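Below are two complexes that have chain A in common, paired first with chain B and then with chain C.
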Partner chain A sequence: MATQQATVDQLIAAPVARAQVGLWTDAWRRLRRNRLALVSAAYLIALAATALVGIVYTPYPYAHQGVGLPYQGPSAAHLLGTDQAGRDILSRMIIGAQISLIVGLATQTVVVVVGVPLGLVAGYFKGWIDTALSFVISVFYGIPDILVAMILIVIIGKPGLGTIIVAIAATRWMDMARLTRGQTLSLREREFIEASRATGGRSTKILFGHLLPNALGPIIVQATLGIPAAILFEAFLSFLGLGVPPPTPSWGSMAADGIHAMRISPHIVLAPAIGLSITLMAFNFLGDGLRDALDPRQKR
Partner chain B sequence: MSGPILEVRDLHTQFYTDDGVVQAVNGVSFDLHEGESLGIVGESGCGKSMTALSIMGLVPEPGRVTGGQIRLRGQDLLRLRPEDMREVRGRDVAMIFQDPLSSLNPVLRNGFQIEEAMLAHKELPRRQALERAVGLLRKVRVPAPEARARDYPFQLSGGMRQRTMIAMGLANDPSVLIADEPTTALDVTVQAQILELLRDLNRELNTAIIMITHNLGVVAGLCSRVLVMYAGQIVEEGPVDEIFEHPQHPYTWALLRSVPRIDALRHDRLRSIEGLPPDLISPPSGCRFHPRCPFRIDRCFREEPPLERIAEGRLAACWVTMERAYAEMGAGQLVDVRPGAGSGVHGLQEERVG
Partner chain C sequence: MKGSLLYIGQRTLLIAFTALAVSSIVFIGIHRLPGDAFVSERLRPSQQQALLHQYGLDRPLLVQYRDFMTNLVLHGDLGQSVANRGVRITPLVLREATVSAEIGAAALIFTIGLGLLFGVAGAIRQNSWVDYALSATSVVGFSMPNFVIATFLLLVFGIWLQNLTGGGFFYEIGWDGAYGNPAEIIVPAFALGFPYASFVARLTRASMLEVIRQDYIRTARAKGLAEQVVIVRHALRNALIPVVTILGPLVIGIVTGSVVIENIFGIPGLGKEFVQSILNRDYNIVIGVFTGYAALIGLANLTVDLIYPLIDPRIRY
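Moving on to the complex of A and B:
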């Protein structure tokens, strides 16, 4: 009876409480109801935790050859088996996860830091700045991503994580700039922008204080959905041998290592491939969930 | 009374569109005195909002102020550098807009937006700014101002939002507050409250108010003086009650006649103004109202009437009115020396204004 009363109270109180929440609280509430997004978020947190642990502890040293016999399938000693050089695949997967997450997050950070201000400025001031930006974007879209990345890797000439991040970001900043520009173009015509101009607000304040918060939803979604694309691109580059230099493992180079033994020891390819797939899916589900949660038109 | 705080002289604002040059504001001149409340009325597209935006220096693309002066305490705003003009906006001249929901940033808290308006012009610790913001909300009679300052705009009612907008406008104690149709988007009962608030603020703070509206009732309740605009020009100016009782321009008269009245007889037709507002790319010859004017005379087709003093404190731009006014003043007929100009008198005799 008491619980029943409590439920009734909650029901009565619920709509009132709902009217009082802010935009982000509201989005969080909707995200929480998306089970797929939540499971994805949980997986990604677990992955990140594992990668963090990998900094201080892996079952075996990831670069040591011959910690077990080569081409061994999963066993108690090596949970994911060993590769062609007798290295422990689980340990290498953990380090690979570090690489993937760093590449994904760092690339998107660069993309946001470069693309968002460019898009804001171009969309707000229009004129020649906008024309110039649109031209550069078109040029970048015109060149194949892999070509841009390869040229940059060659130009920078110093193989490593930083190079990879810059190269991938160079192929992905346009989407963010274009999205932000589009958002800004429509937002700048809104009355509250004129109203804040009428209070004498400075341009920088209007751009970053008034426009940006309104465009943040789509930007967050775009950034989240860009992470798996960046991770995949890194795996692709590493698969081609353009990625992180060995012996540092990347999921892409691990797959490349095992490809010649696909028939006899498929686990060498499968472990990074499955890890990659699940991680990409998790990021995509989370991104979709964020989009649904942050889209005000889909109030449920 | 001291001199006018705001003097607008021969203001021209034009829009350079693909179809041609739109003369949105065409030679508007008026004064605004300290603490005065001035109404600008006219139908949509008559240039009243553009006059306001010209004063604010916020004429949107592809528009531009092409001529005239806007003097605030003697200083011509049109000659200011952009950064100096930014300082004027919000500090000396503030503006509130029609739709309070779309004029408030949906993702920022109300209090924060008022603080921003303050911080755009002076250095102030955030805590102090918040206190002032709450104080302003209290001044515009928002109940529970501390809580409302923490709310987001969508959590407020229309009236409360407009009060928040007004609080933003008052954040820096401006000497002029321009209100562009501030009550149009609101319920009638709320409209009355907002107007009362503006009237009280006008008295208490001695803030001069320019009230831009198409609603003559709003002007009657708030303003002491009225400008009537048509096709980018001022066609009549005078004290509010005189304009209402004895409109001197046919357009004002037609505008008044098209206002629904609760005390009208059941069978009285509500009269709309015949015809459409003029095309401002190629406005009509002579008086811009002549295609729609029931009192037009020959002269109206050919010559543009100047805005002339027709009685104490009254100005009108109409040949018919002027002829009569001159006759009443005993100043003799306006003499048009050009051939064929004499026929205008007949039109005057047939139909009288007002």
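Moving on to the complex of A and C:
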């Protein structure tokens, strides 16, 4: 009883506030407790490492036909088997992972670079800029994104990675612009912005020095959740034959190859299908974890 | 009643206008490279010139656009295919639109039916194993791309079951006719609807859990109504309102998904035609199909809007 009383006294005596930590330390502390998000992050780091190694080394040249017999199931020589042209599926999966990650990251970079400034400006200045942006966004939302992307690929006319990134980014920037606009609309009424305006802060300083850093958390979450969406989109396009031109493999085009051979050797379609599902889930879990870590007030 | 008719009239006009605007934009955007469809045929330059002339592709773009619009507005004529010569596009697109609408409607029934069933079951058995199993299914369903789901369905129903039952019960890949029979429709419609069903299930569960704790539910129970009546007539009806608001985006999602699903299952709808015509560089059909899509989405959204007042009587037009 006496010791218990002592602990209670100590607790009361201890300073109420814990050591001050910044937003990022705090977020990291919360993220660390989310096991699913950590496992996902570990998987994604491993995937990225494999993709990087793939630049200098793959078990077999990915485009060489006949490195093994066609339609062979998994074996010691070919861990994931060979496809219809006798190409090593593992090597092609590694190159496909590169394509997926490049498309995911590059698309989200374009989306952030285009969407965030548009959202900031529309949300801060309001008026006709805001009206115009909102109109364009609502028009884009009314047309299925895959149709817009496919038409853009036709109009640009040069198949390749750059075209795909532009086409996907063109259907994804609205989410980012809308989110940033919403954040800005609520932030601009806060006192610290009013203070900055009152002391004669320039608009660019307010936009990028005060508004942007405060809206950064949701933007990071949105960008992370946008990566799997972009990867899935690329897989869709490649699956339909509108993605990166062969012989460069993409998980989508590998799945399309596999579907035709599904009757005799289902392993060809299973490798990219399972790889894609796991990767998408990992990005989604990591994004959800980041959201909980960066914005604990928001409840799902 | 008169108000509703007026509303439907306005919306139909708006759909027609949108379809026209969309087809104009695509027409102008795409017609930079006329006659691409002929390049692969290795024609002599004179022959190619003759073909370009026959299709009027050698005229100035503005003249082409004017003729295209006059034909479209006055006769509903979208011109003819360049790759398959002599095929008129308007009847083609109309037929394919009905096929896509058929699959889409079946998928929507799956989406809403399964979604509501899973959502309500999860909510009334909250935190039981039923709830956890359904929640896990929803997470998987929502993170798996629909072509992966379609692939697994084809593997199971198309191949493994055939080997197992000696072909007594299996799914044949590809439709033999222009329209599918119910057995052919059910697998692709499920693949198309399932990811969205997971989404609807999550939404329904959350809004059911909220509604079920309201006072009027307690009142309904207190006055001795049967549990089914309380759940279906009182709780579900109000829990439906947030679900109904996402029907619009849902329709867009199903149209998007159908492009992929139609190609996997060999369904002769708009999505398959769209991809084929892009690969063939048959731009006349691309424009036609895009116009068809714009109209189809407009009509689907109008139908959704007309359903709102049936569920929530506070909405009127």
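Quick note on the criterion: the second predicted complex is superposed on the first by the 277 of 300 C-alpha atoms of A that agree within 3 Å, B and C clash if a C-alpha of one lies under 4 Å from a C-alpha of the other, contacts with A are read in each partner's own complex, and residues count from 1 in each chain.
FYI, a residue touches a chain if its C-beta (ideal position, glycine included) is under 8 Å from a C-beta of that chain, and two chains touch if they have at least 3 such contacts.
This structure is a prediction, so every number in the text was calculated from the model and none was measured.
After superposition onto chain A, the partners chain B and chain C occupy separate space and fit alongside each other. In the superposed model, A:49 makes contact with neither chain B nor chain C. When chain B and chain C are set side by side, the one touching more residues of chain A is C. Look at A:284: by the touch rule set out above, it reaches chain C but stays clear of chain B. Once both structures are fitted onto chain A, a short way to say it is that chain B and chain C open up an angle of 100° at chain A, using Cα centres and rounding to the nearest 10. Once the two complexes are laid over each other on the shared chain, residue contacts for A:242 go to chain C alone; chain B is not touched.
Think of it this way: put the two complexes on top of each other by chain A, and the tightest Cα contact between chain B and chain C is 26 Å. In the superposition on the C-alpha atoms of chain A, no part of chain A is touched by chain B in one complex and by chain C in the other.
Per the touch definition, chain A reaches chain C in the complex via residues 141-147, 150-151, 153-155, 157, 228, 232, 235-236, 239-242, 255, 258-259, 262-263, 266, 269, 273, 276-277, 280-281, 284. Residues of chain A touching chain B in their complex: 19-20, 22-23, 190-192, 194-202, 205, 209-210, 213-214, 216.
Within the complex, the chain B residues that touch chain A are 56, 58, 86-91, 94-99, 102-109, 113, 116-117, 120-121, 152, 155, 165, 168-169, 171-172. Those residues of chain C lying in contact with chain A across their complex are 18, 22, 26, 29-30, 32-33, 143-145, 147-148, 151-152, 154-155, 158-159, 252-253, 255-256, 259-260, 263-264, 274-275, 278-279, 283, 286, 290, 293-294, 297.
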